[in-house]
């Protein structure tokens, strides 16, 4: 595969081109309104939880897949399944590599996510679902290591920390593009005889699908698949 | 005073000038949309309760002040007072003639209303307050006669009906004008030195008035005058 | 285990930053999309409500409540906060039993159900509606220390419905027809006469208000919208449109919504609401709480005659004015938002706004109004409002000479 | 006596005309202005609510509900009916404990309370917000027989707040700053990276929505409004604006709001919502109930790239089109209302609308979308909607070749 550094460089080239302020000239000098307070470094650190691909901001601490397994079993498996296979509609976290171009793609941490830092970031900010952002850094490292290991991305002895995670090459790191390659304008504003009436056929009709919840009366809580 | 006919003619001249469709051209022919139904004459009559100064539409029936007195005592006096003097903030219906140009004008049926037909119309459509539009025509005629008599506009033998009411000359019939005589533009969009700063004085300050209900918390139901 | 993790708040690990970096609401799930199919404001906004002045009327059924303009951040008034004006309380109308009668001097009278009315070609326009008694208490002197209660009998909404002219075309006006009587189905059977020219211009028989059915408070299921004219002619709970030769001279256009002039003469039919503006921040309810420094003066301006051309703001009781910025969109007979940056030096000040509309009409001072209209009118107080800023940042409603 | 009069209904005297000439609500007093300081819709409108599709998500806390567009009469969405999209339910935020942090590659980081945020210069704009998953179920085939559920993940409101550029001026961008991360304080700590050029253009840090504080469902007390871009970047319950050199590549911009292309490549950052339109009457929920005759076709159109230029309507499945009328105002990145008069002959028909925006972009057919985007995308289904009208007047959601 492509070496980590060059893929990151590719992404970065697009991000640099997309970002930036253009020819922006500030309307007012810095601090013109003099409203609000300057946060302390500790406050800024408390707010700033997002971890970019570089790993900047990853806290001290570490964790292994073995440590993660225990935490996962009691806090995550009830929704995502013991093997990360997903359950009752909750997301599948493991598997799916090679499926993305198929007719039944399985988008998982293993098959789809381009950066391992995102796994740490998301578990830290949003999981477990019922108590988000309550895990300690070591727990998040351990869970990340466990998910990467279940996906066969790192070996069982892998120790996740601020240095190792940004260096992990995810299976789909080459799979993301960041600029829409699809044509924008597809249609013409034709006004008469724009189609041949004879060839117009109804290809699908929602009335026969039996998928629509009740639309009047109290909100319909029908179970998936009715 | 001015004879009834000529006053009505004066009003009518303004109303004719004010009303009308101008140079309007309908966008569509009558019935173009063909939506809805044509009401029956009985339906139109049921809806059409407004009585203009001409008295057009006044129903058959009649009533005297004496008949009105009884109805008034049990259905109206509790709010408007036994003598129509008003009560607890409910409108005064009697008196006030000659007060309109004073510093304490009393606007009543007797002092202010230009047409007797309006008295019939309003009692019929809106009174008694707790059960509007439930009186029978005879009752409305009687109450109208009673109010006019209490106001000294008609004598006690007066029989109110579709013919007599439009002919009643109300004390203030000459008192209404129908086109605003006051100048429209009062100010200039001056931008600098528009007033002499020295002469600017605060002439009133609501903070010292003690009239403002509580503005936070639950809505303030303070009693009049607190 | 799950409980152990839930209990160990991250806050404990990062005391300097949290709360509020990570307040309770960030560490839990909130209610889901099934919790309230029709939403409501945050419970922390519970004080943002319509309020009334108890001493103005003997009964809440013939009374008014006021829009909290101090909490209205733009030109649209929330449906839940749109001012009320009732003459016999708020009727509860079954839309299936609703009928609109169009009769009188027409070629083909018409009776419409609500469904039928909704089939006609429709328009959608943003217009203000203002009660002419808005500011009535302020004619003799500054009396109520509140923006809501001095200016809150105005609201602005996106009204959707059928142009009145479309319905009049459909029934066909007879040549003698010159006036229209609109009447409501509330207990008051509230009714007003309107000259045909206005009816054929921009009036709307409306059933939609800001994205939903008109609220019961504003006339559910159907009201008349008469853009720029006194609120009371915008008949709510509309039951009938009757065509005639002359006005009906109803109690509402004689006893109620007429103006007693200083001469003792009574003035009927004053209809159009002249241009008006008011500063909505700061105001008595929203003082300057942050001490000296930068603030943005904000306000609303409107005119019954068309678009707003400019708004000027004075910080010195009307000696000098600065041009305010108008916020897009600027629409005809619609609230327009204006702003002016202000660096407050912490000293007392008298602030005012003054609107000029597209006809060139300039909002008058209360003194100018008194000069031409007398000292004690009831209606159409569109005079310039003065707010007194105290050194404490508190704001009072005052009048100045 | 009083009771006798109240009991003798006028209806008895005039049986032919009443009811409804004089229905019960006309003969009584309704509740007064003190009855509900904050109003609500008529109880007869109880079915007009947000609804959801239970089989789309395993939990209501990471789910969406839909605006009932079939009952939205104009371009403004009622705050009570504005669609919801949650990733961890709806947080309940105490505005006194609210803080906004602006940090990262800036000269002077800033921590603001809500009161402080509100002191900055403000703007007020009407913009739509649409979830890119709006219409997702309809990619492979016509699946849901409902306008609300195929198109209702869009809403349009008057947003009031501080221009994001004003806040970025205040903190001072360092030259290296190229991206901004907006993050929320819901349980999901929902966050998205945005390129600075868009941030400095027309984004608003908003606290007002249609005349009141932003609703909890839409981000109370503060959300980001990114006009014309995917709903999910309009971060709700906004807690932080962080400046950086490169995007953060969050889970939301990789796993969640990316598009898997037919090639197996994943596409991030598709941001702009292309022009879209839909006929809102008739529709599955609002069939033609009055038999053959006149109806007005009504709909909504919008574009993430600016103003609507024109909307064309076809009554024959796309063979011929007629130009629809656009209702004022026509604003940038805002819903625009269109109408077309139609005399229905009672025969089956296939009706469609097709919008062209000011950039010249023309709304595509579903077949054109499939050709360029593959048969099974998730997001940005802005294809032309076909409604099948049956002879009965019933309306079905169909797709045609």
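All chains are identified by letter, namely A, B, C and D, in their written order; residue positions are counted from 1 within each chain.
Here, a residue touches a chain if its C-beta (ideal position, glycine included) is under 8 Å from a C-beta of that chain, and two chains touch if they have at least 3 such contacts.
Note that the structure is a prediction, hence the values are computed from the model and not measured.
Listed by label, the chains touching chain A and chain B alike are C, D. A count of C-beta contacts for the chain pairs A-C and B-C puts B-C on top. A separation of 46 Å divides the Cα centre of chain B from that of chain D. Distance from the chain C centre to the chain D centre is 25 Å, each centre being the mean of its Cα atoms. Counting partner chains per residue, chain D shows two or more touched chains at residues 21, 26-29, 34, 37, 49-52, 59, 61, 88, 101, 116, 119-120, 187, 189, 239, 290, 293-294.
Counting partner chains per residue, chain A has residues 32-33, 35, 43-44, 47, 129, 132-133, 219, 221 touching two or more of them. Chain contacts in this assembly follow no simple pattern; the graph is neither a line, a ring, a star nor complete.
Inter-chain contacts, as defined above, occur between A-C, A-D, B-C, B-D, C-D. Of all the residues in chain A, the ones that touch chain C in their complex are 32-35, 40, 42-47, 71, 74-75, 128-136, 139, 219, 221. Note for the complex: chain C touches chain D at residues 19-21, 23, 25-35, 37-45, 48-52, 59-61, 63-65, 71-82, 84, 86, 88-95, 97-99, 101, 115-116, 119-126, 158-161, 185-187, 189, 207-213, 215-217, 220-221, 237, 239, 289-290, 293-296, 298, 327-329, 331, 337, 339, 341.
Across the interface of their complex, chain A is touched by residues 47, 49-55, 57-59, 61-62, 87-88, 101, 103-104, 107-113, 116, 119-120, 137, 141-146, 148-149, 165-166, 168-173, 177-179, 181, 183, 187-189, 191, 195-197, 200, 239-240, 242, 244-251, 254-255, 258, 260, 262-270, 274, 284-285, 310, 312, 314, 316-323, 350, 354, 356, 360-365, 368-369, 371-373, 376, 384, 388, 396-401 of chain D.
Taken together, the chain D residues at the contact with chain B in this complex read 1-2, 5-6, 8-10, 13-14, 16-18, 21-22, 26-29, 34, 37, 290, 293-294.
Remark: chain A residues 12, 15-16, 18-22, 24, 26-33, 35-39, 43-44, 47-54, 88-90, 100-103, 105, 107, 109, 112-115, 117-118, 121-122, 125-126, 129, 132-133, 172, 175-197, 199-207, 209, 211-213, 215-217, 219-226 touch chain D in the complex.
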